[in-house]
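Before anything else, here's the structure in question.
Labels run A, B, C, D, E and F following the written order; every chain starts at residue 1.
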Amino acid sequence: MPRICLVNPNMTSSVTELLLGSGNRVANPDTRLIGLTASKGFPYISNHAEGVIASGIVLEMIAEQQAKEPANAFIIAAFGDPGVFAARQLFDVPIIGMSEAAMYTACMLGKRFAIVTFAQALAGWYKDCVEMHGLAAKLSGIHSSDTPFTDLSTVQHAAEESLIKLSQEAVESGADVIILGGAPLAGLAENVRDRIKVPTVDPISAAVKQAEGIVALRPRPPLAGSYRRPDPKAAIGLHASLADRIEYSATSD
Amino acid sequence: MPRICLVNPNMTSSVTELLLGSGNRVANPDTRLIGLTASKGFPYISNHAEGVIASGIVLEMIAEQQAKEPANAFIIAAFGDPGVFAARQLFDVPIIGMSEAAMYTACMLGKRFAIVTFAQALAGWYKDCVEMHGLAAKLSGIHSSDTPFTDLSTVQHAAEESLIKLSQEAVESGADVIILGGAPLAGLAENVRDRIKVPTVDPISAAVKQAEGIVALRPRPPLAGSYRRPDPKAAIGLHASLADRIEYSATSD
Amino acid sequence: MPRICLVNPNMTSSVTELLLGSGNRVANPDTRLIGLTASKGFPYISNHAEGVIASGIVLEMIAEQQAKEPANAFIIAAFGDPGVFAARQLFDVPIIGMSEAAMYTACMLGKRFAIVTFAQALAGWYKDCVEMHGLAAKLSGIHSSDTPFTDLSTVQHAAEESLIKLSQEAVESGADVIILGGAPLAGLAENVRDRIKVPTVDPISAAVKQAEGIVALRPRPPLAGSYRRPDPKAAIGLHASLADRIEYSATSD
Amino acid sequence: MPRICLVNPNMTSSVTELLLGSGNRVANPDTRLIGLTASKGFPYISNHAEGVIASGIVLEMIAEQQAKEPANAFIIAAFGDPGVFAARQLFDVPIIGMSEAAMYTACMLGKRFAIVTFAQALAGWYKDCVEMHGLAAKLSGIHSSDTPFTDLSTVQHAAEESLIKLSQEAVESGADVIILGGAPLAGLAENVRDRIKVPTVDPISAAVKQAEGIVALRPRPPLAGSYRRPDPKAAIGLHASLADRIEYSATSD
Amino acid sequence: MPRICLVNPNMTSSVTELLLGSGNRVANPDTRLIGLTASKGFPYISNHAEGVIASGIVLEMIAEQQAKEPANAFIIAAFGDPGVFAARQLFDVPIIGMSEAAMYTACMLGKRFAIVTFAQALAGWYKDCVEMHGLAAKLSGIHSSDTPFTDLSTVQHAAEESLIKLSQEAVESGADVIILGGAPLAGLAENVRDRIKVPTVDPISAAVKQAEGIVALRPRPPLAGSYRRPDPKAAIGLHASLADRIEYSATSD
Amino acid sequence: MPRICLVNPNMTSSVTELLLGSGNRVANPDTRLIGLTASKGFPYISNHAEGVIASGIVLEMIAEQQAKEPANAFIIAAFGDPGVFAARQLFDVPIIGMSEAAMYTACMLGKRFAIVTFAQALAGWYKDCVEMHGLAAKLSGIHSSDTPFTDLSTVQHAAEESLIKLSQEAVESGADVIILGGAPLAGLAENVRDRIKVPTVDPISAAVKQAEGIVALRPRPPLAGSYRRPDPKAAIGLHASLADRIEYSATSD
């Protein structure tokens, strides 16, 4: 029974609930999804600088979980995939970024995908993320709503009409698939499915299926290459579990 | 209970058996895999020209199956993904190419993947395939054995040592993941897993997990964009089921 | 006296006549142009899936002609160049795609070219074709008319004003050359020459000149590389001449 | 009198001394260079995961300095430029990465540059850094020594002959400029200048000149675009000065 | 005391004065800037063809200066950088193009830069220049005013409002930095600094700082690679100093 | 009867004879080829700096010819295509670069071409030329002989064996077509045709066919876009015919 952890690097637990709800809708019967909500950082990360800070928090959250009750895979459940490559290097289990999962899935449903999201401040950061994964040539555009909202856990309802309209515009300008991006939109793709003329992708759902798939494939941990685990190294002043993992101390394997 | 068809555009049914065996090893309990073997064309397609001919055969095989007993998704079970984009345009169910599934999966396991295969004639064709999917920047190289073999269904045993050596060389030259490509190598990645220092990907296994994943996500058929189904059109001299599908005749939906 | 075959993979012979008329206007005095019209397939191919089916038909048409009365070169006279790379691999004479000929010619007349055509359904397919030839960086855009028409052989007259207007818009948005694409537009570039501020390219005319040029250069058939003719291979259920060519049977050289 | 801070995200103060020594050799007479050494983290960061952790430490170090005694510019004095884009977003003064400074400078001295460094573990991380700055097309290669060493502050002497040899090989394989990368190599480029046939670049020297140059140009802090300072946001559990900067609290401007 | 020559390949000495004024505003106290104005060619070069002719004139001007009273570095003070790579090959001192200096500086101030200029005829030529330096991926756009003007030395005043408006539009469409390009705009970036929301770059100021920086780094002249000085060669009918430099005659070093 | 001028920007008339001989072998019966040899510059241009100087000489030679006895097209008969874009902008007749003609022709004969030439000093310059035309992705490599030679007009005989060997190596490393580059190799491709396993391209032959083809297509001179003829402009100190062409004086049209 694979245990898959959804690491929400935001401090908003209602968003973690949304993610779990959406993920469980598509998970295999024997998958156990576990939601982790950040206990430090920001209510909601929404730009590159906060993403950099969140990267460190993600590593700490994974280290802590692995020290305590190891999971079979982790999903970094924030659209910019903060810390995804670093986590792959430090930990021996599959690490899946929610945005990369959405994008690779989208690539099998169309030639070009658009990302539709709920705040213009996110657009630049999401674009960095697409480039980080080397998929800029498959992006038709990033389309952002600017509907004001008061509560992250209900922004998907407040902005629904606006996001549908943006999706339709994205289709007009060449998108074959719509990714509805940003953790607070978890589940929306399913709800608006019939009002958009092309397939919609729900990133957390895509990530759960990618994580289950990779767990089933049982890839061996790399002993060479980009993600080889670094040799033990002294670390000072870091979060305890993360330091243990890096120093190969008692609590880590 | 999702029914997923493995379309083997080669005429060698022992290879279809290999593919089914390898796919079933990782499939979900409630997945039903169905193997289709081409009844015309070639024993084994191994270059671009044969791939073009196989593309048409793939469309015919899918059309025939859908007319007879529709499946929930199709896997084009030949490494070059012949006909994958055309099939997506003509049919309403998910279509997964075995090579694209392997490559997108590999992208979540490393920065750069190598493709290791069993015949030098395949290298150029495989390179075309990587470029067709826009993933050339993530390819570290294509490495081909030239061990002579007499039987496609046992080439993976005959060439095993040679393929392991090539994989090790690929790792030396920068590969973070090894894709063992070509339908006759189905299952080999699992068998040699512990003798290669980085994760190995078995394309048919990756494709089964990607197909299951996309079926679970229930994407809507596109009414716009690159894969919108073309309007009905008269067709002359084509395979009957395919013509029906294109002409929107009686037997197609 | 070089014999150059125009392979029209569409079943509309009036379009073949248009192509021959336009080609003969620029051909050298001693060139003999021969028009072949498909006897199966579609009245007019207009999307990727039909292009894939047409690729096989093109190979059959060339194989049949070479078995019967060999030509010195073939022009694939449909804008998406269906089957061009496969034909190069299977046959020993120069094979020229109408769209690649137009694009390479355009590259010597301007930095960026636009493709202007008569149906919006063609745009995506044409874009695939530009990418297939590695020329996306030189494309300023694809501009499509949507004037309704009833007859392929007269669409260039029905849509003339609309196509001129699109060409002018293309120039405004950065095109240095206009390619008037699609076999039914054969000859239009010449007719509207003085109403557009930059050079216009007629694809079939460009293809005839490229084919004549390459025939004059007498390139040797490759014994190595991407287009080396594959070794003989058994083929089942294929069109007879094509099978002969692939199997190296009696009727092929 | 411009005050420029060298932020060494490593905990090795002898390396900070090397950096200061090399930087002062080329600094303008009225420039004041200030060296900051990390008080947490690692003795020496040498891979992507450690770079991600170092990114957060860099932000903390800059925030602390700006709260205490503001500088006119910061140089991130580690070759992978950890945190450079995030720092630009959060702070109002110029932020220069040591590796980007070296690379842009190299671009004015040759068409293609090589990076030569002292540990093979660094190569993959440095390559990520070149790609992060969009300069992969100008990189001829990364060449790494594997001379064992015991002390970071003297590795440049221990490995000198080996690094010269690698530089010569880099020139043979097409490098027009050699960047001697990694903070512990500070100053080496100057010392080996006459033994290599092409210009060598000392990253910290290049960074000091770039920082002085940009300070002299007095760019305005952006109120728009990628590096606009984010609106104030609550932050929990972060380093105090950094949290102040993000929350726009008392101590920050 | 470094002597840096500003080579203005235009014949308008009032523009040379503008360049010197702007350059001196940011130069180090001990830098001596020397302005050279072309004595043949054009009042103002404004397209690719004139740039090609100007390239030769630039080489002659540098050769003449080096024969007479050698400088420590040259700035090619025209936005398209005519002759910059050729000058690097022929002369032993640093050669800095005004546009490359502006662009590399801009890269340390933002992710994407726009070029704003005063005549639409310049746009195509400037785009060629961005591509020549391999920086097209960092260009958000080129925005050109078409305010009529009568005097090159005052065009920056005549077009000021129009250029500010274009800059604001560039920011709207994604520019993080504005380069105000074209020698006649020297100094404008400083004057409009506070009316544009992102940093502005004055190319001649950037070039002076880059030239000072590279002079301070003392790069060795290359004995290998792209910019190795060619072996002596007979030259006929060329400008005397340039011929001497190429033939290694008396007056050259 | 089309008159096509071969502009040899080198001063070696024996090379002009070679070019004419090779061009006439493939020219149409009614084509008249005219050879022009530079009367200033260099015996043989062999690097970027000399190419820049040659660009100006090419413009002068074309201007002089057009003033005296206009031709229908010009071929710039040196492999780096010096001045090709500038000539297109200034003159109303087709301008064909010998290297671009060779490369576009090669693109219709294979997926990737190699350039094989007779002096290592040429390699860097030729690579610049491939990039200038946007064809770097289709280049498999540049292979240079270093056989010493005393006479440009016989270097193709002196180096023949060495060039054949390099061509064979190029084929081994992935070239589908061999371009034998450099004016002094004119005609060699034909002579060694049967000793190399893939098609060889003789650049001057390819250029003659491309020039004939474009003349037959009668493209209109552009009134817009990159190659629009600049408005009249005063020019001082330039070659008389070129100045006339630029100033729209008496002798030019």
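The definition used in the following text is that a contact is a pair of C-beta atoms (placed from the backbone, for glycine too) under 8 Å apart; a residue touches a chain by one contact, two chains touch by 3 or more.
Note that the structure is predicted; figures quoted are calculated from it, not measured.
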- Have a look at where chain B meets chain C and say same if over half of the interface residue numbers show up on both copies, different if under half do. same
- Identity of the chain that, by mean CA position, is farthest from chain A: F
- Go ahead and note the Å separation of the Cα centroids belonging to chain A and chain C. 45
- Message: Please tell me the distance, in whole Å, between the geometric centres of chain D and chain E computed from their C-alpha atoms.
- Response: 27
- Query: Using the touch rule from the top of the page, what residues of chain E touch 2 or more other chains?
  - Reply: 85, 111, 124, 225-226
- Message: Tell me the shape of the graph of touching chains, choosing from line, ring, star, complete and other.
- Response: ring
- Following the ring of touching chains out of chain E and into chain F yields E, F, C, B, A, D
- Note on the structure: In the complex, chain D touches chain E at residues 26, 28, 85, 94, 96-97, 100-101, 104-105, 107-112, 133-134, 137-138, 171, 174-177, 190, 193-194, 196-202, 205-206, 209-210, 212-214, 216-227
- Quick one: in the complex, what on chain B touches chain C? 11, 39-43, 46-53, 55-56, 59, 83, 85-87, 89-90, 121, 124, 225-226, 230, 233-238, 242, 246
